[in-house]
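For reference, the structures are reproduced in the following blocks.
Next, two complexes with chain A in common: one pairs it with chain B, the other with chain C.
This part shows the complex of A and B:
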């Protein structure tokens, strides 16, 4: 079992010696049992850090914000930022390093292993517990979650409550870290792309109907984009609101800006938005499932990204988030890339 | 008799090869269907997936991307990048349920006017039975 205590010692030391600016980790949320991201600046606050199966957030996103903030500071603090990462979050950091968005010396990575488990899916949990209110969730020693509820302790095998992405996780331990807590053990996964099978088995028309029903719901709140650690462009192609404006950008330039997609949500444009996002994440998505979790309309966005992850693996033998020294998927090629679709 | 459906094809043609190839077909007075709206681009590698999605969104029944044969790229390797990127686009469009015939790619050199006409003829022939593309087309 990964112990947060090991990391707390290290975190305290780092803060006391001033080696890091602050530490991004998980703390207890307002309801008393789910985790929320916390930013710790003082050594005495380190005791507030927690690590349990409700730590679903991908904190790597905050590194993107940190970089933006740093760019605006007149005298930037050059010290690294400490960050607590799970397996998937560490892969996000690898991709950010690979794309040279952040520098390795800008982060101090405190890794925690998911230890053959992962994080819980709150919908599955609510279903399982029915009326009972959970108070605390812990990972037991024999592959079960021990849930402390107001109606007594409940033990559930991890497979029943794990988030979908954790059930298909390629490496449930950090692949990059400065300090690691827990073992580098991997839960056996039979079908890493098993969840796609039921969609892929459908006919073209049925797939269309499935996606139309799902994407019609989209209200284009862009929560999926906001929460994604890979969506870090200053200027996003799907909305012209955040066009990068410099002092010498003329009014004409602003007016002439190409609007690829209208801002109102229209079914066909929802498709364009989600297709663009999926393709931009092709070979970069590390399957942290944050987009799906953040979606207020429960669109299964993971299936789009997972599909491209699968294609990248099958067609080009590429897996995102394991080696930051490799070139990115679409910035390299092989002479024998598939060509059967070209006349 | 009802008028036959004439598909509208948006073709992104590489300036250095396919576009010259289509010119050759033109000046040689070869006959081919008039369903194509050619758009000259500097390289097939410069085609963003968004061009393809946007073309469908704005009413194309089919999208063709045509570039130089592997090894012939004016910029040495642009078409290799295009090949990889657009394969992903093709897989994705197929996955969301668009007919796979609607998005095609070809290698046409500047000397291959005949091949260009053949590509267009085949493309139009494949699109006709599918009817208009309504899935990704904007309605408002």
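This part shows the complex of A and C:
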């Protein structure tokens, strides 16, 4: 059983000995029971760390902020940052390493295994509990979540509350770490791409209508992009200033800037945004599901990314996030590549 | 004007509003509430609150300002510019929560004054807001009482409905509201004195149900003034992912951008549009020179809070936050405006 206490000891030691700058982990949020990202700088604050099935966030996203901050420091602190990662989050770190966005010495990875569970989907939880308000949620010993509510304790089999991506998780323990809490027990996954079946079964016209209805809801708050650890581009195609404007950029250059996408949130523009993002994540997405969770309008973005994950697997036998020594899928070329259109 | 409307008679009232485009809260397949044009099948107001506030109908995410097109006749080139105003169409929105209506009342101040925004006011003047007092807080993070609102506040509304079980207590607040009631006059009854008492009791009870509280909001305004350079902003914004949820879903946030969007570059043809923008995006303050006065997310979180609790108070003597709680409930990383402002108060004193 993964114990946060083990990680807390390690975290305290790291901070006391000054081996890390700070530790990115989970603490209790304002509502008193769900996790929020916290940044611990002092050993005495380590006790605020928690680990429970509400730790949904992929904290690897904050390594992007850290890198940007560091780049601006005049005398950068070369020490690594400590980070608590689940299986999916660790795969994000692997991709960031593969792409040389971060260096292995920049991170001290405190891995925690989801064991035979994962994180809860708050919508499934709310549906299950109906009027009852949850106060705390824990993983029990017999494949169940134990939820403390204002109407007493409720036990629910994990499968009924797990986030969809956890139900399809291929490795529910960290694949890269410096210390690990919990066992590397794999949960059997019958259909790793099962969630795609219902959308793949649709005709192309039905699919078009499905996506048109979904993407019309988009308000372009860019939460899906902003929460994603892989969306680290300095210039994003959707931003109104999407070229590096400097003091010496001429008016002509600015005027000639190509506008790939209009600001109006209407169907055509929303399609461009979401498809550009999906394609940029092909062979890179590690299915942490954060984009879909963050979306305030419940656009099922995981379908897009999961489909491309399946393509990478079927066409190239590639799975993102498992081996940091491999080149990234979209930046490697093999001489024995059977596809003769690339020559 | 005060009336009684039985819940069964609500659809009848709506049916009389033939000249209006009528919006009701509707549950979508994801179980989220959203204001949608009615289909006359399922008219009821048993809802909590919508994810997107009614702001989307008064200040839409995209507003067309004008259309332009260049035509060439030999050497003679003409640029035609046609101003577009919102369509002439009376609108009524049912089930507006009092906080969201207060937000519209704040937007009224922003879009008037030195310059009266014709697009906003065209929509605002032709829209009737039928409010529904909250008998239970729609979100667990509701805190309207702390920002000078209440679950039954009337600012910004044309009519306020209070749920009395099998009927509504209907209070008309403006001429627009009275017109709407006159349209369906046969379906209303006159209230008895006990109805009035019951409505007051329901409203008094609902006030007690608001759990979250921001203490001394007025004091925070002056504290914020001293906190501009505080390290608190860095700490509190560490987990911010710089998305636009808190502002786009805010009923009172109103920042916008104006762009010429081309349909064709040659011959030149396109539209000038106003779209929502947000202080939370890094490019919001980007200067043409490349300089960005708010380059860090700390300065952007500070901007959001100071605008709502300091600058707006200085200009209009009102908070620019109505306590709907959307930004708290929907933040992907749990940034809680109440908690941050409480810390402001602690740091500042």
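Simple rule for what comes next: the second predicted complex is superposed on the first by the 329 of 343 C-alpha atoms of A that agree within 3 Å, B and C clash if a C-alpha of one lies under 4 Å from a C-alpha of the other, contacts with A are read in each partner's own complex, and residues count from 1 in each chain.
Everything that follows uses one rule, which is that a residue touches a chain if its C-beta (ideal position, glycine included) is under 8 Å from a C-beta of that chain, and two chains touch if they have at least 3 such contacts.
Since this is a predicted model, take the numbers as computed values, not measurements.
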Chain C versus chain B on the shared chain A, clash or fit after superposition: fit
Which of chain B and chain C A:245 touches, first, second, both or neither: second
First, second, both or neither for A:277, with chain B first and chain C second: neither
Contacts of A:333 with chain B and chain C, given as first, second, both or neither: first
Chain B versus chain C as contact partner of A:187, first or second or both or neither: neither
Touched partner set for A:38, first chain B, second chain C, both or neither: second
Touching partner for A:308 - first (chain B), second (chain C), both, neither: first
Partner chain in contact with A:266 - chain B first, chain C second, else both or neither: both
Where the C-alpha centre of chain A sits as vertex, the angle toward chain B and chain C in the overlay (nearest 10 degrees): 90
Which of chain B and chain C A:86 touches, first, second, both or neither: neither
Chain B versus chain C - smallest C-alpha distance in the overlay, whole Å: 6
Overlap of chain C and chain B interfaces on chain A (superposed complexes): 266
Residues on chain A engaged by chain C in the complex (per definition of touch): 29-31, 34-39, 57, 61-62, 65, 123, 133, 219-223, 225-227, 239-241, 244-247, 249, 254, 259, 262-266, 290, 293-294, 296-298
Touching residues (chain side chain B, partner chain A) in the complex: 49-50, 53-54, 57, 70, 77, 80-81, 83-85, 87-100, 104-107, 119, 122, 135-140
Chain B contact footprint on chain A (complex, rising order): 199-200, 204-212, 237, 260-261, 266-269, 271-272, 275-276, 278-279, 282-283, 304, 307-308, 311-312, 315-316, 329-331, 333, 335, 337-339, 341-343
Chain A-facing residues of chain C, complex: 30-32, 51-52, 61-62, 140-141, 235, 238-239, 241-245, 248-249, 257, 259, 261-262, 273, 275-276, 278, 281-283, 286, 288-291, 297, 328, 330, 332-336, 338-339
